[in-house]
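My questions will all concern the structure given below.
When the chains are written out, they are named A, B, C and D in that same order, and each has its own residue count from 1.
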Amino acid sequence: MSSTWTHGIKLTLFGESHGNGIGMVLDHLPAGMPINLDKLTAFTARRTAKKGDTTSTARTETDQPEFLSGIYQGKTTGTPLAAVIHNHDVKSESYRDIAALARPGHADYTGYLRYQGANDPRGGGHFSGRLTAPLTLAGGICIQILEQVGVQIGAHILSIRDITDRAFPSVSLSTEILKAAGQKDFPVLDDAAGEKMIACINDARLREDSVGGVVECGVTGLPAGIGSPMFDGIENTLSSLLFGIPAVKGVSFGDGFDASAHYGSENNDPFIAENGQIATKTNHAGGILGGISTGMPILLRVAFKPTPSISRTQETINLKTGENTTISVHGRHDPCVVARAVPVVEAAAAIGILGQMVAQCGVHITK
Amino acid sequence: MSSTWTHGIKLTLFGESHGNGIGMVLDHLPAGMPINLDKLTAFTARRTAKKGDTTSTARTETDQPEFLSGIYQGKTTGTPLAAVIHNHDVKSESYRDIAALARPGHADYTGYLRYQGANDPRGGGHFSGRLTAPLTLAGGICIQILEQVGVQIGAHILSIRDITDRAFPSVSLSTEILKAAGQKDFPVLDDAAGEKMIACINDARLREDSVGGVVECGVTGLPAGIGSPMFDGIENTLSSLLFGIPAVKGVSFGDGFDASAHYGSENNDPFIAENGQIATKTNHAGGILGGISTGMPILLRVAFKPTPSISRTQETINLKTGENTTISVHGRHDPCVVARAVPVVEAAAAIGILGQMVAQCGVHITK
Amino acid sequence: MSSTWTHGIKLTLFGESHGNGIGMVLDHLPAGMPINLDKLTAFTARRTAKKGDTTSTARTETDQPEFLSGIYQGKTTGTPLAAVIHNHDVKSESYRDIAALARPGHADYTGYLRYQGANDPRGGGHFSGRLTAPLTLAGGICIQILEQVGVQIGAHILSIRDITDRAFPSVSLSTEILKAAGQKDFPVLDDAAGEKMIACINDARLREDSVGGVVECGVTGLPAGIGSPMFDGIENTLSSLLFGIPAVKGVSFGDGFDASAHYGSENNDPFIAENGQIATKTNHAGGILGGISTGMPILLRVAFKPTPSISRTQETINLKTGENTTISVHGRHDPCVVARAVPVVEAAAAIGILGQMVAQCGVHITK
Amino acid sequence: MSSTWTHGIKLTLFGESHGNGIGMVLDHLPAGMPINLDKLTAFTARRTAKKGDTTSTARTETDQPEFLSGIYQGKTTGTPLAAVIHNHDVKSESYRDIAALARPGHADYTGYLRYQGANDPRGGGHFSGRLTAPLTLAGGICIQILEQVGVQIGAHILSIRDITDRAFPSVSLSTEILKAAGQKDFPVLDDAAGEKMIACINDARLREDSVGGVVECGVTGLPAGIGSPMFDGIENTLSSLLFGIPAVKGVSFGDGFDASAHYGSENNDPFIAENGQIATKTNHAGGILGGISTGMPILLRVAFKPTPSISRTQETINLKTGENTTISVHGRHDPCVVARAVPVVEAAAAIGILGQMVAQCGVHITK
């Protein structure tokens, strides 16, 4: 059931990169929630490649969704919300001559086996990064609903190769800091680090290569007590979404892999009560204990591998003949997807967090 | 639906640390698969604390499961396989006096909120690490079924704090190497590194502290083409299980977070055809592209935070009164859970991989 | 998760009667299955109101679907198949003046409560019978896939009020008989009975009233051994779909409610082996024992209540004011939905049967 | 995933008739709900065969469940509630000699095919009516939770063969009437009809035959607005459970199949507002419109086929050899399961209704 995700709410994604359209269906959303379409367009535009931006793909997508159902008089109806984005700027030609060649690092080979050669191979088909457009659209809707109940989500590039931005403060994460990077052309907190990252990406592009990076995402305002033990914790739920973003190879929460090198006495977050509010002094746990929110900011990191599409000649095989050959990928592609992935990570996080809240009856309309 | 996991097969876990029993139900297993109970006991014993072992908990659990259904004449029936492990060696006393105190780093506080104070708090209740016993049992059954179709799973401690074992070879991972650590008292590949790790753990114990670490797991023999795009890829499926193991804060596949610092030209694995077999020259992808197996070894890493239960005095709050206080956790607990977690990670991986194969009809009995 | 159904395959329906569009997403279909679009159009046309047909609604819908994804070079890709039917012939005016009035027998009142007044009320919104269009489209695709593996589905009107058609033969149900009614303007086996039914429907229409009826559906060619015990049997699976068709109030299999008046010695179907084939002499079970197919024809009956929309003045309440009032429903509606429901029942049965087969790995492409 | 049912709450059943034990796991129950075990035992005892009762099986089962988890200090914990019923009074001998013979009307043949001969065939294995014991236990817990929020459930035998009890009043269904039959040895409203039914059953038993019947079930106190459109309506949800009870061949709601013979003007239930309360004057809909509760009593009917186990000689085949032969079933079995099925239907209805309420956040503890 590859392309449907369920937890409290249900998200179905469909479409292929060069087919008629891509889109999504969101079911079980809270009813009566106002959706601001201008704000939604501004959010999804952050994922879209910018014209003239040398750090990303040359494919220009307007990606205007057509809403088919689920919004009535500006509010969610509670019944399925469906939207389609028709594919317009499709140039299958540049892909066509390499259709039988498995691009290294891509799903061409595995998709071919999985669907016995019947899948749409053009531009990666259903495996294309283009499917993050409806994912981002769905997440943008969830972000608006979450904001109405006081939950804020933001993300930024934490690193490109070995160049690092400063991390979110784990305890005192204000909405201002959370939203800062998203308002910039290049989504970092420290613009000096951002300059270096841009230089690094451009350098990779010029050398017909690509680079990866890490995105850090934060969620504030989530009440304590949201989540479940075992397989339905916040970590399980979010990682099951985040690994659905192409090129993601690692997901961690709080101090993540670094926590494995700490002592318990360093890593445990002491509880404190202050003015009737319970909090933790530190937040190494990233706001999650036993899969359930502590009321502190949720913090997570997502590792992206370098874009597999590079113009350099690479060794590969021909899917049809099974013979060895070489490939040089000349379609439009990003030397680094990480900047565009920032709103995608926010979107995935929003879907998961809203799902958890709905599952626990934590979201209702306020009349 | 916190404690049921579904993908191809269905696993339900139940029980509380100090209740009558813990157990599991596995549904939709392939029918007619022989299960060797002695071998299963040997596998689950790797998770059990060893008497006199200073690196782990002093609680002695025999953990003999009673099989209630699903095995007939030594083989799986295909209908639900249920097993219960009765709790015997229960000393609630040492926990009782701290029942109202939220142990830092534990789910006491979040569980209390989640269930409005109605959950069983003794020994962590349903959040206890003890629930890994039925998880390991379920995984041990899946491992046996997988072996019958040529799939092997193994794991080892990759690091404790900053002490590292050598990693699995990513291309030429033999069954011998895969299974080597599991046959040792302390599951590492390099025994010299293991000695240092044991010293580190004992040192932490003496200082009333704890340490974390990373487990590396490998899967060989999985045919190419298993998995699905989007939300049902191997990464999504396995991470949704692995984050169900208490103390896990990060999961990565292949080069994981390291991949984010590489160039595409380094990270892409070239395809090669040799004697009619297709493989990749390197395996930075950890055997997964687009969520689907490439036929190369699956490689993943799981980060464990240090055990939150430490004897040192820590600041916390009283759940009932909401007041500030201190706690010193004197129950039986491990200064490091990582060694015992090695078979748990293997178990979780086996459940996910078998689920993926069953979902894709890749496991049948051979008459 | 009201509008998604899952068992082996996954069907998501979306849309509102007077919104931008209605549609469906089918996931986990077998890959590489040819789909004949002309044949599909012919099938879905059976559900569509015929111009000038006095027995059904005056709303003319061409209902041409746009396929967005999932079909490539005439075959299923295996990734989500999405289609949208844009709403064109929408006259909200006739409904507008009664928008606040709960039509008796309709979901206006219950939908209003369920979604706190936020649902789209025009023409019944998501509750409209119009949503059977994408259901029928999805089922038509499943029917084509089933035919490729030898499974045939057909249905007919068994009764309108007290006028009955002859029943399908339960043992020797040929494809010819199965498909006979579907090729007629009025889908019955016995045309003389059909004439009486038409007269009955027209009489009801003239008296500003409506009538209900029963549809009988048969499935042949389904191999024995398909289905599961408990909650995933063929009966559970099909009824969970069939009760999703508006106006359905009862579902039975084999002799159904009649079986409750028989002796065991009459109702049991004796097994016989003949030429290496095992069958039953009679088929009171409707081809299902323990939720699993016996290899005999699957037979089921679906009871439809009379169309709730009638022009007569009825007592009701105003949803906004909560006051008593009267209503006379003057929109376009059928005096009897049963004839148009025949392909809808076939569609629902096809989705359930294909789902069961896919869940059990019984459908593969034949190269 | 045959033996798990999910909608708001999750029920997993396991076990085989002659295996070590049968049982159930209920997940996602509301936390903090008191469970009265004596009352629960009294409820499940209604399903158990009574010693000396000639109308039912001679197998004496005490069926005392052991609760393994999920109840702490007399209340639900909110984490999985598991219980096992060990099988004691097992006489496999009487079944053994017929193990290879497919009992007509039973799942022996279909189960054998489904699980390639690996399923436990003793006493029907997982297909046994004995699995209704954990189903009834689970339902008994749900009934107690429902009662705490004002929802009452009751059922009675509506017919045995052609002998009918009077039906529940569809509008003014009091708790007294609802619960009346459940307090009697033979669960009918009209004891005179009950006498005739008992005579009919005994007559069947003497003639080595069996009879079927219909159970009517009612639910009162369910607020209006519970349920969902399409595939998650109350009808879909309940039928997906009810068809999981062995021998059920038909399920209907409200006037059910009778509604198909009525005019719309007869069948529509007019809405009326009275003292600020909205109700319907009649209740042909059985309390459900568009899958959602109207606030009127929910009414449903379940058709049971006659018990397939009869002592008479019947034609059948040998599963191992595939040859024709005869069978005479001499194990312990009921000439009529309908009386014992009454609490099973109540249980299934309770699970479905509680699931719907939990899915819609309608059940919380009252402190």
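The rule is short, and it goes like this: a residue touches a chain if its C-beta (ideal position, glycine included) is under 8 Å from a C-beta of that chain, and two chains touch if they have at least 3 such contacts.
This is a predicted model, so every value here is computed, not measured.
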Per Cα centroids, the chain farthest from chain D: A
Which of B-C and A-C has more C-beta pairs touching across its chains: A-C
Chain A and chain B, separation of their C-alpha mean positions in angstrom: 26
Centre distance in Å when chain B and chain C are each reduced to the mean of their C-alpha atoms: 46
Distance between chain centroids, defined by C-alpha means - chain A, chain C (Å): 38
Touching two or more other chains - residue numbers and ranges from chain D: 1-4, 13, 79, 114, 126, 229
In the complex, chain A residues that touch chain C: 1-4, 6, 10, 12-16, 19-23, 25, 27-28, 31-32, 66-70, 72, 75-82, 84, 114-120, 125-126, 365, 367
Chain C residues touching chain D - in the complex, by the definition given at the top: 1-5, 13, 102, 104-107, 109-111, 113-114, 126-127, 131, 159, 161-162, 204, 209-214, 224-233, 235-237, 239-241, 243-244, 246, 248-257, 259-273, 276, 278, 280-281, 284-286, 288-294, 301, 303-310, 312, 314-317, 322-324
Contacting residues of chain D [partner chain A, same complex]: 79, 229, 361
